[in-house]
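Encoded as structure tokens, here's the structure I'll be asking about.
So that you can tell them apart, the chains are marked A, B, C and D in the order they are listed, and the count of residues begins at 1 in each.
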Amino acid sequence: MIEWSQHLPVLQVVVPLIVAPIIVLFRNKNIAWFLATATAFFSLYTSIELLTIVQESGPIDYAIGNWERHVGIVYHIDIANAYILTIVSAVSAFVFPYSYHSIQQEIPEYKLHHFYAALVLCLTGLLGIAATGDAFNVFVFLEISSLSTYALVAMGDKPGKPPRASLAAYRYLIMGTIGGTFILLGIGFLYMMTGTLNMAELSEKLPALSDTSTVRAAFAFITVGASIKLALFPVHTWLPNIYTHAPNVVSAFLSSTATKVSYYVLLRAMYTLFGAALAAQALQLKLLIGPMALVAIFLGSFNAIKQTNIKKILAFSSVAQIGYMVLGLSMNNLDGLTGGLIHLFNHALMKGGLFMAVGCMFYRYQSVELSDLKGVGRTMPFTTFAFVLGGLGLIGVPLTAGFISKWYLVLGAFEADVWWLAILILIASLMAVMYIFKVIETAYFQEPNTDIEVSEAPLSMLVPTYALVLASVYFGIFTEPMLGAAREAAEMFLSAGGM
Amino acid sequence: MNILLATSTTAMSGEGVYNYGLVIFLMMTGLYLVLAKGNMIKSVIGLNIFQVSVIMFYVSMGRVEHGTAPILLEQDLPHHDSEHGHDNHDDSEDHGLLQTRSDVALASTADGNHDADGGTDSDVHPQAHPEDTEANSPSLHTVDGRTAYSNPLPHVLMLTAIVVGVATTALALALVVRIREYYETIEEDIVDAIENRLQKEEAQS
Amino acid sequence: MEILIPLLLPLITAALIQILGRFASPNIRDGVHTLMAVVTFYFVIQLIGPVMDGQRPDFFVAEMFPGLTLSFKVEPLGLVFALVASGLWIPTSVYAFGYMRGHHESNQTRFFTCFALAIGFALGVAFSENLLTLFCYYEALTFSTYPLVTHYQNAEARRAGRIYMGILVTTSVCFLLVGIASVWFLTGTLTFTQGGVFTGGEYETWQIALLLALFAFGTAKAALFPFHKWLPNAMVAPTPVSALLHAVAVVKAGVFTVLKVVIYIFGLEFLSELGANNWLMVVAGFTILFSSTVALFKDNLKARLAYSTISQLAYIVLGAAFATQTAAIGAAMHIVMHAVGKITLFFCAGAIYVGAHKKYISQMDGLGHKMPFTMAAFTIASFSIIGLPPFGGMWSKWFLGLGALEGGSWGFMSIYMISSLLSIAYLMPIVGRAYFRKPSEKDADLHEAPWMCVLPPCLTAIGCVLLFLFPEGLFDLLNLMFVEGGQ
Amino acid sequence: MTFVSTITLVFFVLLAVVAVAIGKMRSLFAAVMLSGIFSLLSASLFVLMDAVDVAFTEAAVGAGISTVLMLMVLHLTSDKETHSNEVKVFPLLIAVLCGAVLLYATQDMPHFGDPNAYIHQSATADHYLNQSYDDSHIPNIVTTVLASYRGFDTLGETTVVLTAAVAVMLLLGRPKEEEHDLSKSPDPIIEVGAKMLIPYILLFALYVQFHGDFGPGGGFQAGVMFAAAYILHALSGTVRSAQEAASENVVEKLIPLGVLLYAAVGVWCVLKGGNFLEYNALDPEHPAHGQHLGILLVELGVGITVFSAMLMIFYKFALRGREVR
């Protein structure tokens, strides 16, 4: 009787939103884990379904409460939303099952169900940001995801050790709240000038107002706010500590979802809201963030090389990879933007896989310091091999997903007529070789510490890790499904501004 | 201050933007307190001030001169006369920028009428009943004989923002408690100093 | 489909080795390895017939980018390279068992796995239908050989590994990939096409010269100066690796790429008309003379062979640089001739190391008496490398020389001649020492290495002779390089 | 300048003074108190600007809950700021830069209170002002917009509250036996005084909960007030005594239940054949009744979650105690 498929857009967000309180209600760690995992898989199913529908028959509008778009909140799912939704839910579908053993070791048992509730809430928030077509709704869900993130990260504190995770979370909270408030302010300016909060309506009305100072300031605030959440240089300072000190599951989850969603917000702001309205300013801004992205790439890679803590290496590498994504955006052409967008997905797979592999190492060694992980390649061959595969992707070796992104970025640089940029992009990927091989050399070229007996990580952790890592290889060869979506999304952004 | 001078514009176009100027000052104060990175509690207070000033900004934009809270007064309920806001666009004729917007408003109102009450009297003159207006001090809340309500949407949005604000504060304070329990201070620079020392020690061992 | 079998077989072999390495005895593992090598070679041979008939079997795997596929196609040049790589895999596999066991090496399973993978990727390079596929396999080859180079997992291996990866990856990413992307950007295709892909466009000489430079230096596996340093450093690897990979598969993948790009991407005529190839002749010529000279002064046998390899690779690059058909055929033949000759030399060097534990030429006095088979093979191979009849090396030098006259000048012809003299100078002393000096007292009880180490060099030495006697088949096949193949 | 705008100006000046004073104040206790005053002042300002609902909430939350939480944290730590009050250049620069952009933004803004401003002329505002009563028969437009038109935002907002509660439970939660009650033995005068107040607060909270349709108030404000009553109970007695009245277990169950009630209403609408949160579907004959019912239920959901979440946050702070390291 009820056509459930018609409600898919809202179910995508509401199901995790309902599951989270149920988890709190049950207060049982196993049920919590099961519900969270089931939700992740349901999300994956929904998002793939949405992606197919959108690819076949164009964008879907879903009016919550069945109000018109200027009255209520309307979900607008087009190819870009569906693409981001797929990334977020795909990663959760791998990370949540993985978390079962990993997190039990890291936080006390009586907190586990709350942990899963927070995890699912974070998922809810991220999905909500990606699905909505209402500017203020973005802010609400942004805060859901942010608040849960702060708590999740702080769970990385080790008893008796300095609460570095809490400290990192506190500092992120300060920056993140400023970022969120900036976005709120920007939305306020837009609302003030147009009288609407609906993104589609905004993009229709803004062109006429493009030369008002208020709209320009709104653009500035939203861009800065989204950049803070995205951790783009120079407001990236919160990210390394967050990824380093958070529980491994959380690092894996956040690194492959949160920044992706922020990137999406930035894209929406730049193309959908302001694309047509502030074409010139947006172009200038892209010129401005281009160099920032470059600095992020080199600074991130350079810092990654210097680190001795694997998670920190990966964290700084994330700063660099975010630089790649933004660089693609700043090129403002089809190939570049496609590169940026496909890198969202590819990086999610690779970085998720890498953090999960590191999580496996931590599970056995209780440390992620390189000095403690000597010879891990011999004690944990499967885990280390997964790390190597993921690392190769990060470097951008062909036949891995990372290559696809680099290829498009290089073509984008050509298309933008800056050939030296192509070279710089590639040189930066050599820096990735250096920091990945730093880990590989420690893993294989140093004698394992003989006084601790170490075996492989449990299968429940290895299987999801391999699933992600192998997926990154699979999508490096059979690129079509995701690359097609990324390309379509890029075309959409560049042509109509996306609404 | 320039902004204050803007006050002298005509009454109909509002009272200038001076209070945005003041909101901005509060925002700057709040932002400075957060970033000055001294005492953590103070940072949280600064964050609060920052957020409240944004809320103030929203609320300011929702206000209408001579307006009242967006709770329909007795005389404006449909059994009296329902359509009051209709000829808003008449007022805006001196305001070129707004022409298009008023038209949109008009068009959509017309649509709305069909949906809702069918043939409600959209042409009834929106005169308030004398006894009601007396009770509600006409000079404050009526413009051209119609009740002026402030815009409810910013209020709704800000209710959400306040909730977000208190949630953030609670979380920030919880983190501060955890930090304090180990470092026994809530001064950022002391925490940093302890951290530097600890990390040096770890590097040595 | 038939093309897929030889491509997949080595990978399957790798998987089998992993499984058998865990659950079966080393004999079974190694037996299966050799068997699979033979089967692979058989299936590669099966491709000769169709190709000679003018067919070009192909296979499409996936579309990586719109209009850009991961796909394979057999054409004569690639087939020749594939024949060399898979053919020499058989003796090398036998040799490797003898060597690795003779040394009681650890991690043999990993070693053989990577070995098989490397062969598989080399075949992938050979059969690539377009530059993108080639690049994928080229990089895969680099990464699969890294564990082989660093097999000993000590500080020296780590250093060599860094140089190996550093040079190969840096050049391939910074030059080769940029070159490939530029070709795609300029022409909209990466497919290897008869006569090149630049036909019809207007290009400046410097543009094409620059692009050629991206390719020539980008394929550092071709060891063109100044990106040759990795090759001598990679000699820390066990000798079978040096033999098959750093004398045959890997380096030949490099020169093969250069040759293929020159012929099928730039087009010989296009290059020579623009004159964009001139600088490459100079660089290749310099590399020949330079590395031959360096080889003279190396006492470590493997190092000397490594520098010899660099100079011989430059022969091939120089042949490609002439951009004439004769020279191209000569270069392609040299891939085969040098491969068979040089692998023999490395086998011998390894056999000497296993049997006599000697690394340095100065210690090899009188070895010919103690290890007659090994040294006989060494002598034959040396002659072949120098280019003397009745050994295979003569034919390729002949064609290269003709090509030099056709497309270059007497100057480059003379470089070939001087280099041949130099090769006499660095190879003959070894033979001389082995036969004409008395073995030292300590070496009294020296004897041949185990048969698994001695048989392969003898076989490949015989191969040198056979290649001299029956070159027609190879020549016919290579002549098809310039014929448009139909289905 | 009208009377109202003059007062507004005065309030703004006061706010500015308080804000600067907070920056200057070395005593953290004073700073926290001033921040409470800041909230109260802004609440008054909101009333002046006709945002009664916002004012109500700000007073309850900013001046109430936030201040209590801060005081509790202060109780756990020193109440003097040790570091000096010198002006830091970099933060100042950022603040000034931000201010400059904001000032720039005001150039083209509609004037304060201008009835012709875009937002008052928009179709959105028009619908809210002229249609909302027909849609739901509720005079308080804010309530209709909050719970129906933008009901999904409010569901999100309730989820934010749930998130905060879960987060604080994660951050400060401890096994029962390790919890330390922060409160001291009660002062009888305060205890009696407070106990007398509590029934009235509860009564008022109930009124606010169900009167939100007609006047300022609603689930959120009511929830905060309920929580305030219990918090007062705890502050005047001990936390344990408050827990006897509202046990932690029950409170923890209530938090998700509120959100679930809200979401369930949404799903119910779907089951009835409407869109998510389409209350009209609840009573197809009389859509306005459906709206009314839906709004009532979701407001109740909000109230439950906010009450229990605020109380839980308070409990967790209070029971964290001083840890002996």
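FYI, contacts are C-beta pairs under 8 Å (C-beta built on N, C-alpha and C of every residue); 3 or more make two chains touch, one makes a residue touch a chain.
Being a predicted model, the structure only gives us computed values, none of them experimental.
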Chain pair with more C-beta contacts, A-B versus B-D: B-D
CA centroid of chain B to CA centroid of chain D, Å: 15
Separation of chain B from chain C, taking each centre as the mean of its C-alpha atoms, in whole Å: 74
Centre-to-centre distance between chain D and chain A (centres being mean Cα positions), rounded to whole Å: 31
Residues within chain B bordering two or more other chains: 31, 34, 61, 101, 108, 153-154, 157, 160, 164, 167-168, 171, 175-176, 178, 181-182
Shared interface positions of chain C, touching two or more other chains: none
Where chain A touches two or more other chains, by residue: 70, 136, 140, 143, 147, 150-151, 154, 166, 191-192, 195, 197
Touching pairs - complete list by chain label: A-B, A-C, A-D, B-D
Complex contacts: residues of chain B adjacent to chain A: 31, 34, 40, 43, 47, 50-51, 54, 57-58, 61, 100-101, 108, 153-154, 157, 160-161, 164, 167-168, 171-172, 175-176, 178-179, 181-183, 191, 194-195, 198
Partner chain D, residues of chain B touching it in the complex: 3, 6-7, 9, 12-39, 41-42, 44-46, 48-49, 52, 55-56, 59-73, 77-78, 82-86, 88-89, 91-92, 95, 98, 101-102, 104-105, 107-109, 112, 116-117, 140, 143, 148-160, 162-171, 173-178, 180-182, 185-187, 189-190
Complex interface listing, chain A residues touching chain D: 1-2, 7, 10, 14, 17-18, 20-25, 27, 62-68, 70-73, 108, 110-111, 114-115, 117-118, 121, 124-125, 128, 134, 136-137, 140-141, 143-144, 147-148, 150-152, 154-155, 166, 189, 191-197, 212-218, 220-221
Touching residues on chain D, where the partner in the complex is chain B: 1-2, 4-5, 8-9, 12-13, 15-16, 19-20, 22-23, 28, 31-32, 35, 38-39, 42, 45-46, 49-54, 57-58, 61-62, 65-66, 69-70, 72-74, 76-78, 81-83, 88, 90-92, 94-96, 98-99, 102-103, 106, 109-135, 139-142, 145-146, 150, 153-154, 156-157, 160-161, 163-164, 167-168, 171-172, 214-216, 220, 306, 313, 316-317, 320, 323, 325
Chain A contact footprint on chain D (complex, rising order): 101-102, 104-110, 117-125, 127-128, 148-153, 155-157, 159-160, 162-164, 166-171, 173, 175, 252-253, 255-257, 259-260, 263, 266-267, 270-271, 273-280
